[in-house]
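Next, two complexes with subunit A in common: one pairs it with subunit B, the other with subunit C.
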Partner chain A sequence: MAKQLLIDAYRGKKTETAPWVPYAGVHAAYLIGEKADKYLQDPDLIAKGVLFAAERYKADGVPLIFDLNVEAISMGCQAKWVLDNPPAVVSHPLQDKSLKEANLKIPTAKDGRWPVIVEAGKKVMAKKGDWVLMGLLCGPLTLASHLRGVKIFTDVIKNRPLAKEIIDFAGKVGAESARIYRDIGCEIIAIVDPVASQIKPQTFREFVTPACQEAIKVIHDAGLTSSFFICGDATKVLEEVCQVGTHGFAIDEQLNLNYVRDLAVKYNKGFGGNLKLTLALSLGIVNPKEDAIVSLAAGGLTGYTFAPG
Partner chain B sequence: MVDDEKRNDILKRLSDGVVYYDEEKVIVASNEAVEDGLDPFDAIMNGLAAGMEIVGQLYEKQEYFVPEILMCADALYGGLNILRPHLKAKEMKEAVKGQVVIGVVQGDVHDIGKNLVKMMFDVAGFTVHDLGADVPLEKFAEEQVRTDSNIIALSAMMTTTMMGMKKVIHMIKERNPDVAIMVGGAPLTKEVADIFGADGYAENAGNAVQEAIKMISRLREMHAKQQLGATP
Partner chain C sequence: MADKLVVDVLTLDSYQCAACQYMLEAVSALPKQIQDMMEYKEWNIKGKEGIGKFLELKGRVLPTICINKDLVFESIIPTYEELIQELAKRAPKEFADALWKEYQKSIEV
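Right, the complex of A and B next:
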């Protein structure tokens, strides 16, 4: 467990060994025998789960929570809570209304789900050892899709000013989330935008990159470390991810880690991934130990963080 | 009746309109097809669907992404809504290849992929029973029995919800082994589909219908062989 090791890797530096981050998420609830819905609404349980996960996995970093619905639910989106996953957003306030009509407000640390998360974060910070507490905020396109629904994906082509307005607003919400994580004491803050892999590089450049800048500034102005997490086959937008302005990025199991490593080294970025969660852990098709060895060999020791994909 | 030149012109405009997500162009060409007496089934299959096939190829090559696909789908539906009411009853009957129950499994609200696959089944002439998203697992089996559908199409975007597919497949196969079940979605692979006991795997919306037709044929062949084997 080594905080500085992880920060160095996230910043693209050489490290003596590869640091390790299990993105425990609601798995931390499972570890302490709790259901996800109860866990995510109870600061004591979150703190207990995060501390337990860090210890159990001898981690160099653990997210405070991995739930991309915090911002949307805190703005009034309806949620469906489930026992074994983060809640799902089921209503989209901007589906048929403008931002002005919907009167959406940027949630602060006192609004919605944030007080529970802030309290949990403080409890973790008071007890944690030499590892990084990570803050993960919902990226602008993903948050825009919560707010607007699927229409946001056609808006980026046929209704660009509206798309820009909503995605920029989502970026401002993300910047406030970054401030909240900063104030909790998170040393690494990541913008998590899984659906950003589903758009063209040009669309990414036009909408996602600008909307991330305020959050990145908040993180960097505080001397903290930034990252951008993306999911799915992000091959085509990975150059854009490298240029978004964060210190590093993380990808999932669908990408070729050799390709990712070469690109990260080219742009001097930290990168994390890509243990095959589905194939190795959920289904047992791939031997997890062999998969880990392959990932470590491909990742190398420059900017690489060993982590699930 | 329209001559070949006119027919080809309309079909090309329908196809191009879908590929370049020009809904207005598709609407104009569809109205022209109706006014000029072009067989609406021909217009749908060789105009709109042909265009969507090209869109599928562009998606595979990563030249098109989700926004472009959704725009193409809008254009396609623009034409389909005009042409479909003009299909004759006989053509409708011939066009119907089967019945599909489709939905996103419990716990998952991501339905973009499911809606695209639904559209492809629509275009190909299947009767589609759409259960929507976050569908309780037992609902798939109930709907299959209610509608006597021969295909079940399951979608999931998350690894965790994907695991529910195995239960649905088991539930349905236990009651009716002749139902063809296909799975698709971001975390799925052919290998995972096989492990779950699915009959087909839809890598993308474009190949979902072809896969459905293939698996129905396979199941029919198996069924025929079993009956042959049972004959004294």
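Right, the complex of A and C next:
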């Protein structure tokens, strides 16, 4: 467990060994025998789960929570809570209304689900060891999707002023989330935008990159470390991810780690992820030990963090 | 009655993955008159059925929208117009005319 090792890797520096981050998420609930819905609404359980996961996995970093619905639910999106996953947003307040008509407000630390998360974070910070508590905020396109629904993917082509208004607003919400995680004490803060892998590179540059800047500034002004997490087959937008302005990025299991490594080194970025979470750990199709060895070899020791995809 | 279009949405799990959620929603949010021309189903690869469908369709990435067994939208969430156009291209004549009309209408907006 080594906080500085992880920060160095996230900033693209050489490290003696590859640091390790299990994105425990609601798996931490499972580890302490709780259901996800109860866990995510109880600060004591979150703190217990995160601390347990960090020790159990001898981690160099663990997210406080991995739930991309916090911001949307805190703004009034309806959600379906389930026992084994984070809740899923099921209503989109901007589907047929403008931002002004919907009267959405940027949630602060006192609004919606944030008080529970802030309290949990403080409890973790008071007890944690030499590892990084990571704050993960919902990225602008994913949040815009929660707010507008699937129409946002037509808007970015056909109604660009509206798309920009919504995605920029989502970026401001993300910046406030970054302030909340900063104030909790998280040493690494990541913008998590899985949906940003599902668009064209020019759409990423036009909408996602600008909307991330305020959150990145909040993180960097505080002297903290930033990252951009993306899921899915993000190959087509990976150059844009490298240029978004964060210290590094993380990817999922669908990318070729050799390609990712070369691009990260070219841009002097930290990178991580890619362990075959689904193929190895969920489905058992790939041998997890072999996958780990191959990943460590491909990732190398410059900016690489060993982590699931 | 013509055979309906078959739309298979290959996902990791639309609950767990936001990219999959909105890929599925691109299909599930289509208007009723278009839904009536097709049958759609999510296949998440966390189960045996989903893995079987992924292999049968020769899926390459998640999420993917397949129309009549063609891998059409791979890791790219389509606009409304793009989706209607691809449905129209593969629809039997009975549905194709209406889909092309809807496509024309949508690109004029």
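Following the convention adopted for this analysis, the second predicted complex is superposed on the first by the 309 of 309 C-alpha atoms of A that agree within 3 Å, B and C clash if a C-alpha of one lies under 4 Å from a C-alpha of the other, contacts with A are read in each partner's own complex, and residues count from 1 in each chain.
FYI, contacts are C-beta pairs under 8 Å (C-beta built on N, C-alpha and C of every residue); 3 or more make two chains touch, one makes a residue touch a chain.
As the structure is a prediction and not an experimental result, all values here were calculated from the model.
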item	value
Fit or clash between subunit C and subunit B when superposed on subunit A	clash
Which of subunit B and subunit C A:68 touches, first, second, both or neither	second
Partner chain(s) touched by A:142 [first = subunit B, second = subunit C, both, neither]	second
Partner chain(s) touched by A:200 [first = subunit B, second = subunit C, both, neither]	both
Touching partner for A:88 - first (subunit B), second (subunit C), both, neither	both
Subunit B versus subunit C as contact partner of A:158, first or second or both or neither	both
Contacts of A:150 with subunit B and subunit C, given as first, second, both or neither	both
First, second, both or neither for A:283, with subunit B first and subunit C second	both
First, second, both or neither for A:227, with subunit B first and subunit C second	neither
Shared contact residues on subunit A - subunit B and subunit C	82, 85, 88-89, 150, 153-154, 157-158, 195, 198-200, 231-233, 236, 278, 282-283
Subunit A contact footprint on subunit C (complex, rising order)	12-19, 21-23, 25-26, 29, 45-46, 51, 61-63, 74-81, 109
Contact set on subunit B toward subunit A in their complex	21, 62, 65-68, 70-71, 74, 107-109, 111-112, 134, 158-163, 186-187, 189, 191-192, 195
Subunit B-facing residues of subunit A, complex	80, 82, 84-85, 88-90, 150, 153-154, 156-158, 195, 198-200, 203, 231-233, 235-236, 277-279, 282-283, 285
Contacting residues of subunit A [partner subunit C, same complex]	68, 82, 85-86, 88-89, 142, 145-146, 149-151, 153-154, 157-158, 194-195, 197-200, 231-234, 236, 254, 278, 282-283
